[in-house]
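The following blocks contain the structures, represented as structure tokens.
The same chain A turns up in both complexes below, where it pairs with chain B and then with chain C.
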Partner chain A sequence: MTSTETPAGAGLAARNPAPVRRHKYSRAERKLRRTGWLMITPALLHLALWTAIPVVATFALGFTNYNVFSPPQWVGLQNYVEIVQDPVFRKATWNTIVYTFWTVPVSMAIALVIAVALNQGLRFQKWYRTAFFLPQVTATVAIAMVWLWIFNPQQGLLNAFLGLFGIPGQAWLADPDWALWSVILVGAWQGIGIKMLIYIAALQNIDGSLYEAASVDGASTVRKFFAITVPMLKPATFFVLVISIINAFQVFDQIYVLTNGGPANATTMMTYEVYRSAFEEFRMGMASAQSVVLFIFLLFMTLVGRRATREDH
Partner chain B sequence: MALLNPRTSTSPSATRTVRTTNQSSVRRRNKLILHLLLIIGSVTMVIPFVWMLFTSVKSPAELAQFPPTFFPQEWHWSNYAEALDAAPFDKYFRNSLIIATGHTLITLVIGSMAGYALARIRFRGREIIFLSMVAMLMIPTYTKIVPQFLIVKFMPLFGGNDITGQGGSGWLDSWWALLIPGGLSAMSIFLFRQFYLTLPKELEEAARLDGLGEFRIFAQIYTPLMKPAVATVALLTFQESWNNFLWPLLVTTSDDLRVIQVGLAVFQQVEATAWQYLMAGTTLATVPMVLLFVMAQKYFIQGFTNSGIK
Partner chain C sequence: MIIKSQSRRRFTGAAALAAVALGITACSSGTSSGTDAEGGSGDVSGDITLLTPIFEGTDGQQLLEDELLPQFYEDYPDVTVSVDYTTYGNLNEKLTTAAVSGAVPDVMMMGVGWIEGFADRGLLADQSELGNTEEKLLETYTPAIVDAGTWDGGVYGMPIMLDTRYGVANMELLEEAGYDAPPSSWDELVEISEALTVRADDGTLERAGFDLLSNDPRQVFETFLFSAGGDLFNEDVTEPTFNGPEGVSALQLMTDLINEHEVEDIGFSSPDAAVNPLLNGRAAMGLAHNNLWTQGLEADPEMLEKLEPFVIQGEGEGMFFGGTFATRSATSQHPEAAQALLEFLASPGPALAANEQRGNVPALTELLDSDYVQSNRFVQFSMENLDVAKREGGPPSWLEVRGDFAPAIESALLGQAEPQAALDDLAALVDEAMARQ
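On to the complex of A and B.
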């Protein structure tokens, strides 16, 4: 995993094999090791308290009933049984999958096309890049607030725009048939930037001579795209896929602002159910169990993603 | 570059010249199509921001019109002053700024030290620590959030809690809860490690021979060499902190500690119809990030390119 480094000062020791020097060297190395630990300890303590312990605690709390005010009670698998039977959580799981299924591949495909277009040395490409990345750097809550206004059935921009073409407007977020699609639109729109950036970085690493060789052989632009660009981008694609799935599964802010999970649970997500259980119903055990389910889904998706894009060795 | 630029070497033969002209006109057409595509895309990305800005200066009467106007008929910049009267967005803004700056400083100091140690110092347990850090990268926020909340609530000896963490509210509704738990992420340490790995070994060997302490090698030799990387991590941390919503929502209740994202959400729930004020607040929440990105774009993108995504 890490690089293979020789011990610090090994060259020195090799050049001076005398016992006195060696003694000095090993003291220096002990000191170095101590410094290493010293430098990493603050970070380790922080990660232990705010990441490692919470993760273990989440798994443990998942087997309990706990409302914060009285001590946790061990209930075994009861929470998980309830999760499986709960139609709302099942709906939330399905919504999360649908949301991920549409936002991730759609914005990945768009991001790839844009990245290739922005890799042609066009004029103004810096401006284009800024525009595409803008939604990514701004807060999801603020973005969602703007979209809430855009989706407004009477005064919103979207219905006014559709009206120009004679297309009847919708009550986007209030309509159970449209609400999830509206949320997906916002997610896909916001997610393009980061994927595009990673693709641009990866494209710049592709050896230009590959394209030249293909041109000499008379390959068309489209052919070159599928025969060179796409395969060469496989590692980047895996990276983008994994972080996008992880992000999409954790969609929360725009749900909170846009729909509160409604109408009639049409847009509730796994994360939103975790939030509801923990901080509206104070069922910490149930919330933990739900977040364990979310975690297992993520782990599974990551492994599938790794398999799908693994490089052939 | 290469994709749409077939070799166009000038050639003495007449037929070749004709083909080259043909190709260059095709190329021009392709470029035009690309520009068109990119313009449509860019406009789609930017329009919501323009709409936000325009809405924030419209009068209530104009906002009530049907069909809605796109360009404001009159620019009521006073909306911003009125929005500040309706909700203390300036205070929210200040709180967000303090927290984002605090998170960035903590990350830069603690995260860079840890990243350096992981990349350049061999010590026992390093591999295990690195692997567990990679595992932590995979942990979603929601698999930690409930216990994190409980740790904050039961923090011993704070907020009226006794030594066992009972009896009070701990760090809830305090700066501690806003500043400490989010101050460091496994991701930033990972990025720092990747950056420090890219620097040449000879430097540290020479420095160690000169008898320089490891701390000085870290602080005075290596870190100044990777200013763009430091800028990248700082930028990412600042942005994530400024945009964070769930955690401040959970751990704060008083208006004095509200960050701007939470302030916006609360304002929207209370005054659902005052769109001009809401959009003024949203503009305030958006502008710092947009400015920061536009100004520091070079570092941002350079850093992404160098962060070992290969």
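On to the complex of A and C.
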């Protein structure tokens, strides 16, 4: 019988490679490290108190029935089962996806066109940039109030404008066929500013010699846009895409002010249902579980975005 | 070098201290102050907080801080009141976060239908243990109002103001169409509404025959439910009854008024409309809040002469009342000071001033004779008919489910669901919420 056993201790040695010698810090290095830790302690405390603990608590509370006024009771996966079976949360999830699907690409496309236009050295360029960026830095509630007036079926600007062309007005926010589209319009409009800013920054980093070379080769403006500008903006585009998706999934303020999720839940979103569970129904456990579902959606979207941009890193 | 090293050590020490201090500050910032000296003068004293959805806006704030609280301080100079203003829309959030953080305000104003939930959770002090018994309150308030502040045998809220919903008719328009009185039945309501609806040649609605959409859909439904002779819950508040025949016929009537009789179009008005359509002639009749009178005094006083309030008559009498009650936290650090403020705010003078500022209905029966009530026909009408008015709420879980009413009612009005199905689905949600209690 041929022995195939390894010599005693050989396997052990293979499994336990020689220990790495710990780097011995000098006294000065230790002081430096200690100082460094002390310097970041406030930030770490802040991170632990306001981010880590709430996140862990949210995951834990998602498995409980917690109504704020009495201690949480462990209910296992019951909240998640209810979420899956709840037609309103399913509607909210679908609305959020539709909202994201339309607001993100539409506002990205418009932002790109505006950024390219504003990168041409137009007169009053800074004024235009400020104007386009203004919605981003204005409170959403204030913006929503203005849009409430624009959408007003009787005195609103939109119906008055359509009336000039003989087009009948609509009850934009009261009609379930139009309410979500109205909210999408506001979301797309408001998101243009920040995307435009990122695109302008990215456009200014494109090497001008590429355009010069293309011009020498006789490329048209459109050809240069699609053959140089768009490919060179790919990293910025993916960055904008990821942050836009995250922002779109977190839409809340404009729903709260414009429609309260109505009519008949036509515009309710995941974040709005989280709010309703927490502050209208006092179901913090359910709200936490819904937040976890939202988090999983966002994580998935972010991972997809990262995977898509991997070649650019 | 030694100096540098010492400086660095001092700096790192200071940084550590700052970090610890920051952490302690962060951890302790949510707790109530409780540092004031109770009984400094031997009488009632303390720093207390008041959370209020009334006294909102500049006028309300001025009334409370420049007129009412100075009166309170005359009697209680050692009490300091910090006021946290909010709206009914945000009150839930305020109370929830306060309960979570343990910083529950000493005195809280809350609405009809809210008392049960917070009393059941032990947040409110029982007033009956402090002499404000149900029997005593019944001497000065109507039974329905007292009932709205009680839960499980205790009194938890002192009534301050009521807000009512009932029908309002533009009598000038009715008389032009040959009607000399507001509708006295559902059939008449439908008939007159149809007769007074005006549309342009292209079908655009110019005047609604009956405006249903300027109020919260839940409260409109409740008013029609009451007029059908129905109730939200059974007598011992253990199961919903709004999906019974009365509720279904009420929602069917609302649905028919819009979709079959076309007396108003979806989107024609909304609860946040700048001007109520009854005030600018865009509606001949409608369901209205009693503060329409106050709005009318500012917008068009002459129009008020044409408007006539009426109880919506069906199998029962349709008049809804909500309201604002003063409550005291069960965990107040200064219960005597909080109780003093609560009783001051519920007393005739401050209550009347608060009602006048909001155009609402005083809860105290004795204020029926006040100049304010006698000069406000809508408030007067409300007080004279409070015996037929019904309220919302009932079970402790009411706050959890009341937000579910609007989508259900809207789905019926929009034709997405039959009234019976919409109300059955809603009742199932209510059952689930009640079972969770």
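Note that in this section the second predicted complex is superposed on the first by the 281 of 313 C-alpha atoms of A that agree within 3 Å, B and C clash if a C-alpha of one lies under 4 Å from a C-alpha of the other, contacts with A are read in each partner's own complex, and residues count from 1 in each chain.
The rule we apply is simple: contacts are C-beta pairs under 8 Å (C-beta built on N, C-alpha and C of every residue); 3 or more make two chains touch, one makes a residue touch a chain.
All values derive from a computational prediction rather than experimental measurement.
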Clash or fit, chain B versus chain C on superposed chain A: clash
Contacts of A:V84 with chain B and chain C, given as first, second, both or neither: neither
Touched partner set for A:A264, first chain B, second chain C, both or neither: second
Broader residue contact with chain A after superposition on the shared chain, chain B or chain C: B
First, second, both or neither for A:N205, with chain B first and chain C second: first
Touching partner for A:V141 - first (chain B), second (chain C), both, neither: first
Contacts of A:P176 with chain B and chain C, given as first, second, both or neither: second
Touching partner for A:F69 - first (chain B), second (chain C), both, neither: second
Contacts of A:D253 with chain B and chain C, given as first, second, both or neither: first
Partner chain in contact with A:P168 - chain B first, chain C second, else both or neither: second
Partner chain(s) touched by A:A278 [first = chain B, second = chain C, both, neither]: both
From 2-10, 164-172 or 218-226, the chain B stretch with C-alpha clashes against chain C: 164-172
Footprint overlap on chain A, where chain B in one structure and chain C in the other make contact: 31, 35, 39, 42, 46, 49, 68, 148, 154-155, 278-279, 284
Residue numbers on chain B that touch chain A, as the complex places them: 1-7, 30-31, 34-35, 37-38, 41-49, 51-52, 55, 63-68, 70, 110-111, 113-114, 116-118, 120-124, 126-127, 129-134, 136, 138-151, 153, 180-181, 183-184, 186, 189, 197, 201, 204-205, 208-209, 213-215, 218, 239, 242-243, 245-246, 250, 261, 264-265, 268, 275, 278-279, 282, 285-286, 289-290, 292-294, 297, 301, 304-305, 309-310
Residue ranges of chain C touching chain A (in the complex, touch as defined): 8, 12, 15-16, 18-19, 22-23, 26-27, 92-93, 96, 99-100, 121-123, 202, 204, 265-268, 270, 272, 274, 399-403, 406-407, 410-411, 414, 416, 433, 436
Chain A - residues contacting chain C, complex: 31, 34-35, 38-39, 41-42, 45-46, 49, 65, 67-70, 88, 148, 153-155, 168, 170-176, 260-265, 276, 278-284
Residue ranges of chain A in contact with chain B within the complex: 1-3, 5, 7-9, 11-12, 28, 31-33, 35-37, 39-40, 42-44, 46-47, 49-55, 57-58, 61, 68, 110, 113-114, 116-122, 124-135, 137-143, 145-150, 154-157, 160, 163, 189, 192, 197-198, 200-202, 204-205, 208, 210-212, 215-216, 221, 224-225, 229, 235-236, 239, 246, 249-250, 252-253, 256-257, 270-271, 274-275, 278-279, 284, 287-288, 291-292, 294-295, 298-299, 302
